[in-house]
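Below is one structure. I have some questions about it.
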């Protein structure tokens, strides 16, 4: 039972974490810096290229250089704060490191060392492999965080549209994101309402019960909202194809950035092509 | 004044099973201001949605400007756009009405759907932002607005297309008195040029402000219509349709049991001592 | 089950994008055909639902936590094609905002969770669903459980193939370093338990709808799927059963489970054969005999010692990596 409560509290903190994160993201997007001023299409396209290049590269040095490049961009955009580093360099790579650790020992190859006490052999291939994994993850997450922190969601959506994503999907994504908040608030209220009506030691007997209860209520709320929203859309003229307004203009600086990103990506994969 | 809306024997039931509205006859003249009052579940919302052709009657006929509103009619693009331009609906729950990522997007939604040119959309959106004093909220997402701001944005997003008819579903629900008056003022100002306004509400305090004629609904039917002043005096009607409550009221040592209505310009009691004798000094429940 | 960037080679990632693309395309088309716009808010809300549901972790036996994806519920409630889009969107938002799943692996994650899980749920549910409320809830829970494990199996395949397909000349796996014999038990084993979360969410959701709005569920018997797929239902049930039973092979002594030839794959009716498997079949049996499979006990020991030594290793990584890389080049 105590376990259930712990997980419920953890869940609540994830909710609030998400909400706070986004408030933070909006704030970061409002600061002045290189990335905030960049045309979002250049940013998005450029970073996607770099993340792909990172995936293609077979050189750990290239990958680490790209990671450093991301830190430079972060610094130039006033987002190189503790939270950013925490997420990019600690959270995700830490988690990946945990997953990668068995690979140090399991991967066949030439021994590079032996772990004291347990006497397990670490292979070179294992080391390389683990490093690749961790570095790639760190670099990708870094660039993604940069996009998310320096671009407001509606702007990002419009950038997707400009880069070719169909209308329907952009509209759906926008609406999904918007209603995540509503559902998060509903779940919060559900949890708090139950908590305050506690008669015994616990509001829910076990976690399956609360998961089931929240699922059912959330689904109900989703349904009632969605049918009303549809009416609201129809009432203002919606006929099935959402129309959007896009308003970007690429400045010369944006083209330069774009060139830089393309060049970086090519440089990153050049060694492979040249082989 | 010609009748803008004409209803005859209109019946509507949810999912063909749960009867919600049964109006045998109703006429709404152009440029009139009407209120629908009734307790929760009396069918006010549903009737409004019928008037906005969001639902279609299963029986009877609903005419707008002489044309019967049916599903087939709306399949024709031209009619759809004309009607949607002429009639606007303000939903009770702003979470439902504000489905776009930002205030700006929300206001632009209607005009864009109606096929206006991008320049016209921008122009009209700017105009209404200015008119409602919402410029500072332009890029805000809806979840970062207060309830009053949400209502204003919702109203702006409907009025930007400048409809002839405005249907309002409980516009002042959940608003504090100050925000209420701001909203009512905006409506009043907009409604000055021969607009037709139909408001559903169970808040009697705003009746005199918002309409010239009141329809009372109960169990999906229109049971009475009159001027706001007369309706507010009609105690038995209000009681039987669950629009006023009878409660105990304490004046110092004396506790009365009496019904309670509200007057927008003040607060008055109808102290009917003959109905129930004063109960001396009982403890509070 | 979300695969991050760096775990799949570009070839695999690209292939999975290519596999997912026709489903996305068809899903968009079908959605537009179906009810021209009315589904849009439903899809957005179900997508938001999936997103939120994935935040709800429940404790599982073994000391870990698990969460449902919501894809199975979406599949039954929205019917499969719109569910493909709805779940994909939730995954995209997660990838962007939480780094939960990578950008290059969006195709893979959508293929596993938005496509495989959705369709498996749909098939199983329509096959075994009964008329009664309890029958429907049970069918939904079972479908959710099986589909969750099927998706995990797919992810296990994708990850397990990486060392075969993308290692450099010195034998260093460049992406996910674990072969099939480790990846599949890890993924499916975990989901044998975590799948219960999916079962709970799917069952509870269907139960809720059955009681409050049963007419909304009639949309699950969708006329969209071609008739001949309906006949394959029975085969799918058998496949689902087999998928559940395969991890039991771990327990059988001496059986190197997962050592299926490509012919056996086709017989099982899975419908796709990993290209890497076909190509590297011979190489694979050689690699397999080179290292022993650690028993579960040892692996738990790995994790424990990992916790203890993690900080040290993080610091030492860069140094050791450079040393290791240099000597690999020299050899």
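Which chain is which? They are A, B and C, in the order written, and residues in each are numbered from 1.
Methods note: a residue touches a chain if its C-beta (ideal position, glycine included) is under 8 Å from a C-beta of that chain, and two chains touch if they have at least 3 such contacts.
Nothing here was measured: the structure is a model prediction, and the numbers come from that model.
Visitor: Hey, which chain is the most central one here, using CA centres?
Guide: Given all protein C-alpha atoms shown, the central chain works out to be A.
Visitor: Based on CA centres, what chain would you say lies at the far end from chain A?
Guide: Farthest by centroid: B.
Visitor: Using mean CA coordinates as chain centres, what's the chain A-chain B distance in Å?
Guide: Measuring from centre to centre gives 42 Å for this pair.
Visitor: Averaging over Cα atoms per chain, report the distance between chain B and chain C in Å.
Guide: 49
Visitor: Round to the nearest whole Å and give the separation of the Cα centres of chain A and chain C.
Guide: 19
Visitor: Would you please write down the residue numbers of chain C that are in contact with two or more other chains?
Guide: Residues 41 of chain C each touch two or more of the other chains.
Visitor: Where in chain B do residues touch two or more of the other chains?
Guide: Those would be 99.
Visitor: By residue number and range, which residues of chain A touch two or more other chains?
Guide: 175, 177-179, 182, 225, 229, 233-234, 238-239, 242
Visitor: Show which residues of chain A lie in contact with chain C when the two form their complex.
Guide: Contact set of chain A toward chain C: 3-4, 6-7, 10-11, 14-15, 18, 21-22, 48, 51-52, 54-56, 58, 60, 87, 92-94, 96-98, 100-103, 105-110, 112-113, 118, 124-137, 140-141, 144-145, 147-148, 156, 166, 168-169, 171-173, 175-180, 182-184, 187, 207-208, 211-220, 222-223, 225-227, 229-230, 233-234, 238-242.
Visitor: Give every residue of chain C touching chain A within the complex, in rising order.
Guide: Against chain A, the touching part of chain C is residues 4-7, 9-10, 13, 28, 31-32, 36-38, 40-49, 51-53, 55-59, 65, 68, 73, 77, 85-86, 89-90, 92-93, 95-97, 99, 102-104, 163, 168, 170-178, 182, 196-197, 200-201, 203-205, 207-209, 212-213, 216, 287, 290-291, 294, 299, 302-303, 305-307, 310, 313-314, 317, 320-321, 323-325, 327-328, 331.
Visitor: Which residues of chain B touch chain A in the complex?
Guide: Those in contact with chain A are residues 49, 52, 54, 77, 80-81, 84-85, 88-89, 91, 93, 95-97, 99-102, 105, 108-110, 112-115, 118, 121-122, 139, 141-143, 157-158, 161.
Visitor: So in the complex, which bits of chain A are touching chain B?
Guide: Within the complex, chain A touches chain B at residues 152-154, 157, 174-175, 177-179, 181-182, 225, 228-229, 231-239, 242-245.
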